[in-house]
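Okay, so subunit A shows up in both of these, paired with subunit B first and subunit C after.
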Partner chain A sequence: MFSYKFQWNQAFARLPQMLDGALITMQIAILSMVLGILLAIVLTVFRRSGSRVLSGIATSWVEIARNTPALFQIYMAHFGVATFGIHFNPFTSLLIGITFNNAGYLAENFRGALKAIPETQTRAGRSLGMTSNQAFGYIMLPQMLRIAFLPMTNQMVWAILMTSLGVTVGMSTDLYGVTQALNALTFRTFELFALAGVVFYVIVKLIQFAARLIAMRLFRY
Partner chain B sequence: MKHWNALAAIAVAVACLSTPAHADKLDDIISSGTLRCAVVLDFPPMGSRDADNNPIGFDVDYCNDLAKALGVTAEIVETPFPERIPALMSGQVDVGVASTSDTLERAKTVGFSVPYFAFEMVVTASDKSGIKSFDDMKGKTVGATAGTFEAIALEKQVTEWGAGEFRPYQTQADVFLALSQGQLDATVSTSTVAQANVKTGNYPGIAVVGKAPFDIDYVALFTNRDEYGFINYLNLFVNQQVRTGRYAELFEKWVGGEVPSLTVPNAYR
Partner chain C sequence: MFDTALTSSDFLFLARGAGMTLLVTAISVVLGTCLGIACGIFRFQVGPWWAAPMTFLLDIFRSIPLLIQLVLVNAFLGMVLKLKISGFSVACGVLTLYTAAYCAEIVRGAIEAVPGTTRRAARSLGLTWWQDMTSIVLPLATRVALPSWIGLALGVMKDSALVYIVQVTELLKATQILITRLQEPLLLLMICGLFYFVISFPLARLGGYLERRWSND
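This part shows the complex of A and B:
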């Protein structure tokens, strides 16, 4: 049934274009992670604030981010908001979509990490004269980020892979977008997508390797 | 001894009858009784779905005609543009009746029949953009359906202009949605598709403003590159569709207007 002659040189000839795309993919993933972590900290603070409005906002964010497909979130960041007259270009839409997803998942990771820190530490801080905010900022937050480090790497990998959903909002410069454009041009579907898969794999492996190096420093106690 | 000779002769005869020398795709289709066509159902009037979700359109009718000619039943396999080749190569479909442009680059991978349809390209713009012609698109945000002839040509044009932005969307519907939302200023699409979409009224604030100076987009049926027998049949089938007037009839039914010529002047094929 499968009658197809693989012509790998046809795909390798396009590798430089795909690697340019890989850089854009990394760029989006890293930006979305940085923004996602900041937002997740804000959401965590919201949840602990005791204000019903703030914790309501945080809870709805986490619920939507975790319980709907990333594709839906990215699509909404492009076509959804456009119905209200707000227009983002594909890069921004994809970045917003992935950041939204990252923040939701990371907020949940942070919540778990906070639970792992004994409550007595806050009390110890308070008894030393720290305010509640100081105790959170100086004692809880650094430990929370360290405990949540491995889940954060996980989310980073997920962010890289999620960039491939950008094609649904017209993204054409990232790794997956470039691959799809080349596929339309040449119909060398299998070679091109296999190569893209390998590039994705290598990127993710590099991230995991970097994370392990950081973890070695971080967990050396 | 005589017995053995006779037995051997029978054995050889049986072997010959039960295993034909080489069953090609044409044989496979005839013996399976089903012709599986890859059709894009997001591309009116060539392929779409009616209110009852049944596939309709020029390509759907064309597939049915082909199946009728072969004496088998047609099976329409919905195939988005980017998935035409995987569907063929993995054996999920026998032939693509999917408005596929017969570029030389693609012909290195799949086998094309002679053209069975020809598109002219037009510019559709949103009213707000103020675009009145193809050249007005310079510097604007334009888009088209990823993987189509016009998308490839338009992206090249935007690169040549060195200004503006090109966005490929996954489906024709997304392109027109983005256009009517104002995310895109203009798009280039086949005239048939543009008119069909503007006519639906689903996308307010857009209009066909003029022709795009791209080559005529000839589209062909495609199958595996090495299936000469089947490609030969497809060529004759396309020819017969024109000869019998069925092509003109289908064109009138789905598109209307002047029937485009499928031959290139001063060329052999």
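This part shows the complex of A and C:
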């Protein structure tokens, strides 16, 4: 039918290298997610603080993260800050870019989640003698994280997919970077990238499966 | 920072990149939405079991990175089938399917949000399936779908930054080319980011406004 001869064994022979890359991809995604959640909580607190400066910072962060391409943010973290003489290695740039993006999107999710918690709960907490911070930390925060669990899962999937952008700033150890390097070596473009696609697909499905297991426990009532 | 080597022809180059970004986005969003609506309605009509193969196929577009999709389709058409297809067509094609994959989910959710009783009432009054779809489901489902659809369209615009991989010089690639020449990354990236922001921000705000305005409570 077509003259192209598929050589899948070429790709399969390099699967171990690609799986090593997949580990790096997971590592970046998980790190960026953990840092992203922490930063998003900080941004949420900033936005609720009532201080103009703090909520201004948080709002600009969220709006920039949500309204520009992730690739632009990674470029900014790599080439943009180089203007100030700061040179990050590709891993750090990629991590900063994705974390920035995650934090922005998650902060917006958290805001939506907080709206779903009745205001009366804060007042009940305060009546019991909790300070404002205690009421937020013990009553609002845990519920907020639980309501925002599903959006967080989606963000985790996006974080995995976003790691492929690292190749644009010279990242060569993550799954996409490894595949790119192997492609330069063997020119089996279709086979290698198809295999990389399958690995990405499996990772994403595993994450969604794990999330479903966690959700079963979180939402059992 | 303000004594820049940026010339007016560089600006024209950037503007052409921006035009390319908008063109790719417009084509993919229009085609992808049509395809997505068709898939979403099909998915709703035949139920989850019979639509499973289609759902699986569309799910692939949401589960592997767009870069890999572009490289794969480009390699398949160019190297395997030996077709001469421009990067522009590949970019539009992949982004169309990518849009359709997300759009189908939005459409399905929106149709499901229309109460079954309302639809049965319409059919009891003698409306045909098509009449029910166009005069009952369409207005009600649009209220649910439009805010998410605006988000999707903006998402596609932002993701269109990746089509550089199939040799399409869109805004971010144009910026990068100029960065290599002028060595003024911050200024150029600011201009580029500002363009995306100026388009995306008002529309995202509009989406948020419609979502609040049209929510059913």
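The criterion applied here is as follows: the second predicted complex is superposed on the first by the 218 of 221 C-alpha atoms of A that agree within 3 Å, B and C clash if a C-alpha of one lies under 4 Å from a C-alpha of the other, contacts with A are read in each partner's own complex, and residues count from 1 in each chain.
Keep this in mind: a residue touches a chain if its C-beta (ideal position, glycine included) is under 8 Å from a C-beta of that chain, and two chains touch if they have at least 3 such contacts.
Note that this is a predicted model, so its numbers are computed, not measured.
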item	value
First, second, both or neither for A:Gly170, with subunit B first and subunit C second	first
Which of subunit B and subunit C A:Arg111 touches, first, second, both or neither	neither
Subunit B versus subunit C as contact partner of A:Ala196, first or second or both or neither	second
Touched partner set for A:Val204, first subunit B, second subunit C, both or neither	second
Subunit B versus subunit C as contact partner of A:Arg66, first or second or both or neither	second
Which superposed partner A:Thr83 touches (first subunit B, second subunit C, both, neither)	both
Subunit B versus subunit C as contact partner of A:Arg47, first or second or both or neither	neither
First (subunit B), second (subunit C), both or neither touched by A:Thr186	first
Common ground on subunit A, meaning residues reached by subunit C in one complex and by subunit B in the other	2-4, 79, 82-83, 167, 189-190
Of subunit C, residues touching subunit A in the complex	60, 63-69, 71-72, 75-76, 79-82, 154, 158-159, 161-162, 172, 175-176, 179, 184-186, 189, 192-193, 196-197, 200-201, 204
Interface residues, subunit B side, partner subunit A - complex	81-82, 85-86, 89-91, 105-106, 108-110, 141, 143, 146-148, 151-152, 155, 165-170, 174, 177-178, 181-183, 224, 226
Partner subunit C, residues of subunit A touching it in the complex	2-4, 6, 63-64, 66-72, 75-76, 79-80, 82-83, 157, 161-165, 167, 176, 189-190, 193-194, 196-197, 200-201, 204-205
Of all residues in subunit A, those that touch subunit B in their complex	1-4, 7, 10, 78-79, 82-83, 85, 87, 89-90, 167-170, 172, 177, 180-181, 183-190
